[in-house]
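As written, the chains take the letters A, B and C, and residue 1 is the first residue of each chain.
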């Protein structure tokens, strides 16, 4: 019994870390610009599909494909900002609510575009290490989960380093904390915001590949991932990087541990229940300082 | 909120004419299309009271639709009562559920509220899927309606037309009454509204209950029509999304807005699906949603209503409320 | 004379920060009382407590015979307390007329929208905004928006008016106009006014009594002349290095 619990804990942490990456980028945008980017996980799914293409066409391992994907998605993020967000910020009164709707439109557009190109059926990323696992003290650690989690850890670490130890990153935080003040200091708001979007969407691409290593996906999967992301962001507090990371781990744990104590079909319910509980009790997040 | 007294005469006249349409023996296709149009429109119009007037965007109203269907369906299965008669009870059940859900969640603002509504649908789906009472994963089979196919079609057609009428009357009343004024004000600034005496929570709850009631009744009719209920299509996010799209596209400030939106959306959907395929249609709707939010926030109907003076950017305080 | 507003021992904390500590004072009917203090002294917090947006941990607030302490904001408004906000909050998408009509509709027992609009016209005339009644509220100048705030508060037929820094951002001419308006509120509408203010000129000219807060506590209360020479007040405003504030 103990072995099962430990196994669940390990798996949960690994999966949680992977989800955390997706959540971190989403939370970053929400925290800094007030935009709730429903399409965030759609970008992740797109990255998953593209890595699939890379795998099929050129035999590239998905993680290797990230070398090309990350810059590409950074550019996509900047484009998103220039084309959509800037216009929206000018024209709408309550950006938060409006952003939910038009990013949903974007997500729907992307979902159906992907369905058009690749069909609605489920896809799996097959790599050289799919199905292989490392065995440690009686615990089985699937390599796909391990690599996904490592990617996650690396990305979160890089993001943290970026935000706290580089000048552009600090500019991002400055804009988030005190927009007008940052402008007064000479920080170019639009460039910094564009940078933020680039970073966010780039992180989404990493997340997409990491998730695709573990889970099968369809164009519609973005919604399922999004619900988990919402859960993590709300638990961890909007805009908090470490909060999202920690909350990701918590959600991963709850998810895998609940499988042990209740029939599988109810486990999602446990997560949703957690989400609602947190929203009602402490909407600012459990972990936000 | 401009009131053009003559408009409603035209609208109800048209609806009356549509009510008489079956006498002209129209094709099954036309009846079916209008059946779905009226159903969506009724729900969108009702949804708009909370979502458009009040500004609380719910993506969860399909939960009430499903509840109405299941409650009346179960009453039919166990007691033989026709859902066409018990539809109001289905609506009541939906309203009761709305009360239970709304009480804790209407305290939440903006995106948080919307997220909860989405999760509500997902929860409802899981619960219904796993509870034997509602047929679990196998679904719920109901007795067929006792009429021949064409009569059946006509009866259901008239039923949803009546519901659309009821929804329109309800929304129109709300818009012109103190109730609607309050919703509009709390949408602008809920705290400032409270400071002048607006009982925001009560108004929101009322709007939620009314819209849930209508959706529940529509669900009851649909359930009976399908004769088979399954959570996959009774608690699916798509109708919820359609309601939001129709209301926002048509015009959220006017009781007729969602109806205009429903007509536009359904015709476009039909044309696109036939000529270009489902995915392309949905891609276009995605784009449409973006365009509407960015460029037509008051909806299509605002193009026809008398123009309000243009809004200039407020000078001196770009800061949002504390 | 029985006070109109009776604040007894009100304390309010946010986590570790004690925003209000045992604040006690009264405002008599027809008085204009000023509430001053350095930034972060708890003035707006006190307003939020009085108007029902915050609940105090301790203490009680009475309006005449009625206990306000646990009432929700909309009930406080209906009970006869009108307030303006430090940063003006007009209903931008509505016309100026409808802004005030909303207050009449919901702040009093009025049920008829048309009647509420008629009453709103009277109030707009009183504050001098009649010619703007069909403009969208978002289009007004700052000074006009402040008058709109007052008109909205008046719409609820209050007995007590809480003015939160109405003078901020006004030029000298506008300040004089606003001072005149406040006197008219007392003289023509029999209102009692409690005002949070930083603009000393306005406070000294309008208030017959002043209450001074510092770090959430009342440190002085008296006539403008007394307050202007009170050593504690002077120290708080001029001598002490202010800390983190909020």
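In this text, contacts are C-beta pairs under 8 Å (C-beta built on N, C-alpha and C of every residue); 3 or more make two chains touch, one makes a residue touch a chain.
On a predicted model such as this, the values are computed, not experimentally measured, just so you know.
Enquirer: What chains touch subunit A and also subunit C?
Expert: B
Enquirer: From the Cα centroids, identify the chain that ends up most central relative to all protein Cα atoms.
Expert: Chain B is the most central one.
Enquirer: As a test of understanding: of all chains, whose mean C-alpha position lies farthest from that of subunit B?
Expert: Using the mean of the C-alpha atoms as each chain's centre, the farthest one from subunit B is C.
Enquirer: Just how far, in Å, is the C-alpha centre of subunit C from the one of subunit A?
Expert: Distance between chain centres, rounded to whole Å: 46 Å.
Enquirer: How far is the middle of subunit A from the middle of subunit B, if each middle is the mean of its Cα atoms, in Å?
Expert: Using C-alpha averages as centres, the distance is 32 Å.
Enquirer: I'd like the Å distance between the centres of subunit B and subunit C, where a centre is the mean of that chain's Cα atoms.
Expert: Chain centroid spacing, subunit B to subunit C, equals 42 Å.
Enquirer: Touching at least two other chains at once: which residues of subunit C meet that condition?
Expert: Touching at least two other chains: 92-93.
Enquirer: Multi-chain contacts only, two chains or more: what residues does subunit A have there?
Expert: none
Enquirer: Mind pulling up the subunit A residues that touch subunit B in the complex?
Expert: Going by the criterion above, the answer is residues 36, 84, 87-88, 91-92, 94, 96-98, 100-102, 104-113, 115-116, 223, 227, 230, 234, 263, 265-266, 268-269, 272-273, 275-276, 279-280, 283.
Enquirer: Mind listing the subunit B positions that touch subunit C in their complex?
Expert: For subunit B paired with subunit C, touching residues are 176-178, 181-182, 184-185, 188-189, 191-200, 308-309, 311-312, 314-317, 319, 321-322.
Enquirer: Would you mind writing out the residues of subunit C in touch with subunit B in their complex?
Expert: Within the complex, subunit C touches subunit B at residues 51-53, 72-74, 77-78, 82-83, 85-94, 98, 101-103, 105-108, 111, 113, 134-136, 138-139, 141-142, 152-153, 155-156, 169.
Enquirer: Spell out the part of subunit B that touches subunit A in their complex, as residue ranges.
Expert: It is residues 55, 57, 104-105, 107-108, 110-112, 114-116, 118-119, 122-123, 126-127, 129-130, 237, 241, 244, 248, 277-280, 282-283, 285-290, 293-295, 297 of subunit B that touch subunit A.
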